[in-house]
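The two complexes that follow have chain A in common; it is paired with chain B in the first and with chain C in the second.
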Partner chain A sequence: MNARNALLTRWLLFGEWRAYPLRALAAVAAIALGVGLGFAIHLINAAALDEFSAAVKSLSGQADLEVRGAQPDFDQRYYPQLAQHQGVALASPVLELDAVVPGRQQPLKILGIDVFRAAAIAPDFIGIPAQGRAFDTLADDAIFLSPAAMSWLQVHQGDLLRLRSGVHIVTLRVAGGLVHARAGQRIAVMDIAAAQWRFHRVGRLSRIDLKLTPGVNRAQFKAALQRELQGRLLVTQTRERTERSADMSRAYRVNLNVLALVALFTGAFLVFSTQALSVMRRRSQFALLRVMGLTRAQLMRQVLLEGAAFGVLGSALGIAGGYAVAAAALHFFGGDLGGGYFAGINPVVHFTPMAAAGLFVLGVVVALLGCAAPAMEAAHTLPAPALKSGNEAGALTQLANPWPALAALVLGALLTQMPPVEGLPVFGYIAVALLLIGTVALMPRLSGNFFRLLGLRHARSAVVTLVLARLGNAPNQAVIALGGVLTSFSLMVAMAIMVASFRVSVDDWLSHLLAADVYVRSAQGGDTGALDTQAQMTIANAPGIARVDFVRQTQLTLAPDRPDVMLIARDIDVRDPGKILPIIGAGIVPQHGLPVWVSEPMADLYGYRLGQQIVLPINGHMQQAVVAGVWRDYGRQFGAIQMRLADYRALTGDMDVNDAGLWLQPGVTPAREIATLQHLPFGALLEFAEPGEIRAVSLKIFDRSFAVTYLLEVVAIIIGLFGVAATFSAQTLARVREFGMLRHIGVTRRQILGILAAEGGLLTAAGIAVGFALGLVISLILVFVVNPQSFHWRMQLHLPWGMLLSVAALLLASAIVTALIAGRYALSGNAIRAVSEDW
Partner chain B sequence: MRYLNLLWLCWVSLTLAAPPQFAQVTPGHTIVFPADYGAHPAYRTEWWYATGWLQTPDKKPLGFQITFFRIATGIDDANPSEFAARQLIIAHSALSDPALGKLLPAQKSAREGFGLAYAATGNTDVKLDDWRLVRADSGQYRVTVVTPDYRLNLLLTPSQPPMLQGDRGYSRKGAKPAQASYYYSEPQLHVSGSVARNGKSVAVSGNAWLDHEWSTSVLDPHAVGWDWVGANLDSGAALMAFRIRDVHGMPLWAHATLRDAHGSTTQYGNSEVRFAPQRYWRSPRTGAHYPVAMQVQTGPLVWQLTPLQDDQELDSRQSVGAVYWEGAVSLSRDGKTAGRGYLEMTGYVKPLKL
Partner chain C sequence: MLELHHVTKSYAGRRRVLDDLSYTLAAGEYVAVMGDSGVGKSTLLNLIAGLDTPDAGDIVIDGVAMATLNDDAATLLRRVRVGFVFQAFHVLPHLTLLQNVALPLLLNGLDSARAEAMLNAVGLRGRGQDFPRQLSGGELQRVAIARALVHRPALVLADEPTGNLDPETAHSVLMLLRDEIKNNGASAIIVTHSVAAAATADRVLMLTDDGLYPA
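Our next item is the complex of A and B:
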């Protein structure tokens, strides 16, 4: 009996797949896409985080605690204090630099260390000098490179390495290697005194690594030391930095994962439509099997098994595909998928069995959920009436009650008003899901009423009457075709509107920001290429320049467990900051106190309000400041603060700048001015850009970071089309008898094809119309809820009509063509035989 | 006179780049106290070297050694950084307990600066984190050493004036006049204080010897190592003897000084000093073959050196690249106990390559 059952199961399953391979393929593809995307995101992020935390850990060595400043460096006088502090066994001072390498995009990380102190904490970072040159570890012209750095810079022991220090070049001798550096880690080590001297950081440190006396409680000591250094220095553990970097990419990752869930949702829907139709079509088969002794449970198991087969196949393909995609993406784009969260590391993908198993199960469960309703339906159908033909509509009786769907819509609308959960727009996403489910569920009722209404008003020709009658009275079949269109089109509309809105907003923002004629940057990456006062004077006094806006940018750590914010100092007119900053709303002119202008994400994340007194740790002091305005910023997700350059210089004594905006005298072209400046003594080191170029590059970066989104849009559309094609083919084949009957009563082949094309077109049009409305609503949620909650930036709504209309037209045309092709196939048989099937 | 091989290696590497200008040791220079108790940063290298025998309350003998080196690196004076490693401070310490069968060694090194490590001028005051050797105006030295294995807190009180080595402190190490150092010793120091081990501190007393030596270029290019002994004799006299060996183990230079309890000093020249190995011990760690028992002849006098224990080898290859034997020895003459001191033997593992 078991063998027979197994045979029956196989026969039913493969028979079904052989008959409708396209639909099965679409369902499997959607599940594979969802699982694969989710797995790829997980793998890429895990690889990047692993590598990042390993790199951070190896940089910190075996330090118990790290003491850092709020800014990238701080006064070295804290070093002897900490070294002699009760409970500290060893203090190792470190000056960390991202040295600008001429001709390279990325900087070289240099650790300036005291070998005598670092040996006990980070022995891997002790350079290995050539035989007989032991003192090279102390030499002021020597640098030690990791193997990865050597091959990147194409130098060997004994070669000279040229690095930027301000607007000058420092030439260092490659004195040896760092053989214990992590594979792939580009890192250099030199003597701390040499690093301070050569890179103009005399008296400054980046961090002090502490090793505690055995027996000292680390947590207690850390808390006590933090109290002691409050407002001047931060006491951190390596772990905190790793966690912080995981948090940094979290919102980005969650949003990508939601896209994966969308794909899974589409997959579930396709499984549902496939199985619902197949159950409907096989009513008489199933009834016969029931009569022949198959139990309800066995039948239900059969339908569920068919659905699970989609899930298993899709999941397996997804896991394999996800791994391949992750490996390829890491190889070509790095660990942040263009998000920019993990710079300077080289992660490698590792297969994670737990995550793979979890996603595999998720894919199967989703497929099972998709076929749950059809399976119940198949099991509960009474065999006797089902043996007769007709009345297939019963397959979806569960969807007849409109109240759950309406409740979903109302709940979805309400959830958009909820605040984020731990910085994630959880409720926003649930709202989107509820709106989708509610609308799809309401669709039969909506379309039925709509077409019935249309039929009453416009019943002119027989063909039109037939079309509208069918669409109006058999809405349950229509909904299955419609649901696919609706889901994919609405999600595509929502994403397209969101990305377009964002892009237009970024473009507007860039044009406001890039007000100068030419921009000068001293170095692409790294922090050793700043312009000193002399270089600033030289540029400001160059012929052809009317005005210069010098900008100093540095990192500011407000709390050890939060990502750094950017501190930007430049000339800002307190009375009219809008001249240089994209100020949102009104500003104030503080009568006294230090005015600062905070970015929109900053205001969101830290709760800063206009006019609020805030405290900023600048140059080792807690500095009182007043929020004089909030400005739009799409560039720095974790916040940025602007202050006047003069204030910054008075507070820190730091006279360097990173870049400058140049306003030219009338009649001077940017090209001529750039040529003039390139002839300055340090002109060859400078990088110039006109606003147009910066804008183009910025938008290119924008597009690249949304590449995954664009790709998913295309895939969503293709899956939607697959769904439409498959559903129409199935429906048309199921209606062979109907068409045979129509032929018998004198309807021509042409007219039947017309009926099919009209049905397909009208259904798709209805799907597109509702899909557009739903997509617009979802895009509103994305633009006004999800984005502000996860990235803290707001944008204006912008509808990309051209794109939306062309996709709608494409969808419509392909639906009609599909219906026609399916119809031709169905009508190719003998009309008499078709009718006689109806025994 | 000690550790010259490792320091030499450093110097060689330094001099290859740009020969820095260091002060030279010349004959006829007068040692002036108390200034010369302090550091001489103009010279390339300098050390303060205290060794001695201690007695615990249960009458067990212990040997101790503590050394502070100052090394001028010749690094560019133009570097304005306070971290610029112009002077290095290196310290070694070892406790010799026959009950353990080997030494308890410890070592530290740092660049001078920030008050964390320094060798002060004017009077002896050398510090490296929580290790310190400081001389009070009264002449008393305070020694503090904190290691994971033990903690030393000792007071060394002079009972005699300093003993100038060689020609009034100008101590020749080779045939050339420049191969020399400034060198004085403080023998017959009375020791009191405590030794803490395993969380238990015991009071100790004993007898110590302190060397202070500074120079710029000392060794003959053919030298591979040396043997040195400094001993407080029971009579109140003090004996210092050394020889510098070449690659064949033949002496390149030797010298000895004997000062009796009344301060009358006898110098023994190159030809009058002889070191004769009596018994060898092979190190199980390095394979080196040390003549742990030696006969030292100074003029007509023959001294028999017997180690407190055989294994007093110090392996500091990881930090400074040298292995040597540095141990407590007792002296006898004509079969009678004569005194106690420290013997140092270097260059037995790997001949110095020049």
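Our next item is the complex of A and C:
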């Protein structure tokens, strides 16, 4: 393009923007919102994931390999065996605890280390004692805290720190700091023997870090050691742990990013409607340029360039805004976007050029796609007829071709049957996009036929005839008006149905699970506050209690490359497990073998089936078990296994429990029983809750985890409404001559406003009706394809009628009001002059 | 300059509009074409400009047969050699007057300085930064004339250039059009219903169902 052509391009571009600045701004804002949300979510997730991974890496120091148990701790007899193993230069034993801090919601991570061994592998975690107290690193009452931990616990060197050990309090002396700990990392270090003794873990280790002899092949050594250990312990690398952390939150992160893209997708429709209207309005101008010698290719390039300009500006603003939003969100709310995967870390935003470039390009491509059809329309319009006014209704006729739309719908339906890709419902998302595109593209034909049919039956008055004739005979304009609103409303309907279905299912599930009268928990966070047998007996024998259901929960690693699953042990009647578990389908009573009940995600992830023999690594032994049933679990996305408490105790010797459900004797109220238990010697350390409270808190957490989802949906709806406002205003103002003619032949001003309100209302009502049907179909995909494939959760369908009808009514009212406001401008010559036909 | 050889054009499902039409327009000649509504006057201009194609026959401009050109080539020929004036002005509303007049220069890759001189020539000195909404109908047609001639086209085609103007304004616009065409040494075809408008041309032709004849 030479300089003069570039000048012409600029004139045409800026002339259009100068004349319709608000419309251009709306299109730019739509792209900016979509790109900005996507970038902000990416930055927040990336920062949280980076910080989480860095924290995991720092805990492992420079170890080549880690040896861990399938459960949180294992017998230390493996330590000398590994320390003397050929190829091992150094073995460092570690006891890792999440200590319960009285009065705090979150635990304090404590590393119990052998300071002489750890110095070679993780020197950053060697505490710095006070001057003249070098032996504090070995003292049994000393603990060293990172600066962040000191600040969080509000203690200094020399202060005393109270921590929970079972139902007792352990008091430790803050002997110094960990000056090389990561900024914001709350961590404590103490001598391993002291930690084992103080927290009742004598003879237990969490892991053994290995430094290999130089020249030993790490992969080969790892494979050989894993074979040697026969599955009793797991050999892992730090990288695997960080990857596992990323995998845990991946589906949630991807789903959030897809929602951000929905806003961008809706923005593409706004660009489409802006450019389509602009091209229709400028048909004669473009025809003139063609007559004067502008080639088809040049004209097409001009329209595409206008769309690309929206994309470039919107993307640039979006990247800048997204970065600012991410920085603010991380500063004020931390890195957890409601999913609960990154709670308790302190990430900092880092600009990621690749992601920024990717989203920038995506924003521009989306804007270009939005103006592709208008550009084609502009280039292929014949100049001679287009120079004459009155043929705008014939514009965009290619949109009325139903075959591409029907093909998209059929392909979308077929893709719903495809399996997930790498654990992500990729085809499910593509199916949703195809259904949206297909339905939007079919809108002209659907609405045209519907209103033509309506016109044949009800064309009695002139006003009704005018309304129905326009809606029936200019259907291509319907798709322009409704593209954005149809997209956003249908997606809102789909999300609302999915979330409501999920919420109702969770509520039902909680009602089934929370069958006891009162629940007792020894500590909210951490693993050092379990109830020992004496405490259990004290509770069970307390007055007013008819029955107690003690529950032991512990982590179980089935595969090093997969997130841990939860092992839950409790009293389960093998003949009637449904009394305590929300069993799905039939169960079996195994004649031989250990009965276990696996959760629904477990069955999905590990392929467990009813009656299947499985092997579980429990207490260092490979234990044969039989799947006696599958139960519904919305609490643990990566799977949970329930077994009888007696079986668990026989296998592990672990007699502790974490929680208890209490059934009260007739006439005893929960409040009275709680008061009784609070008077026990350790009663002050216990937490009590009634089922209603747990249910309320759980649903609050549920709603919080979907808060970002609601926010993104609201953004998409606002963009959609922006599209309606822009389109109705533009179409109404473009019809000034038509209204002038109607006024000349005796149509009153009020009647014209009535026509506009009716057109706007009917068109939006059609959009809402189709949007609802489409939203319902998409919700079925979300409920029965996307959710099971992403999170392995299945649920019953529930339609939130009240919310859907409210949003539909609001949308309808907004559309009618917009049409009326635009109509008032159109009927006021001065107003048109004043705003240059803008809105 | 322009040769029409046995040009025939009809529209789908309609009668034949032009039937075996032949004519030669000499360089510097300025002719007016009159005729009844629907006889094919505008169609004739569209065919000459390459905006439409004849069913039969040839149109040759400066030795180049239009039938041999594809859409892009016809567009380029139109860009360089043809200037258009329309009944409805078709001045782009969001460009200044100067920008409107400079459009053909930019499309042809020429310096746009001449645009101001053309605006001066059509009596709009000092109005270059005004927008079309600030002008009367007569003034808008002056802008259109300036735009049609600014790139010194060999052929000017005018389709009812005064159809939207009052007689007094129409007369001044027609005289301006004629003067500018002559000053630029262009050939011109003006299609009109107006006898007064036709009278400003060197020659007046009547287009009928039977062909093109001197009036």
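Note that the second predicted complex is superposed on the first by the 799 of 839 C-alpha atoms of A that agree within 3 Å, B and C clash if a C-alpha of one lies under 4 Å from a C-alpha of the other, contacts with A are read in each partner's own complex, and residues count from 1 in each chain.
Simple rule for what comes next: a contact is a pair of C-beta atoms (placed from the backbone, for glycine too) under 8 Å apart; a residue touches a chain by one contact, two chains touch by 3 or more.
Quantities reported herein were computed from a predicted structural model and do not represent experimental measurements.
Looking at the shared chain after the overlay, A:Leu411 reaches neither chain B nor chain C. Shared-chain residue A:Val574: touches no atom of chain B or chain C.
By the document's definition of touching, of the two partners only chain B reaches A:Ala83; chain C does not. When the two structures are aligned on the shared chain, A:Ala194 is found in touch with chain B, with no touch to chain C.
In the superposed pair of complexes, A:Gly15 makes contact with chain C only, with no contact to chain B.
For chain B in complex with chain A, the touching residues are 9-10, 12-14, 16-17, 73, 75-76, 79-85, 88, 109-111, 114-116, 129, 321. Per the touch definition, chain A reaches chain B in the complex via residues 76, 79-80, 83-84, 93, 114, 116-117, 132-136, 138-140, 191-194, 196-197, 202-203. Chain C meets chain A in the complex at residues 42, 46, 49, 51-52, 71-72, 75-76, 78-80, 84, 86, 88, 90, 92-95, 99, 103-110, 112, 133, 147. By the touch criterion given at the top, residues 2, 4-5, 7-8, 11-12, 15-16, 18-19, 284-285, 288-297, 382-384, 387, 389, 833 of chain A touch chain C in their complex.
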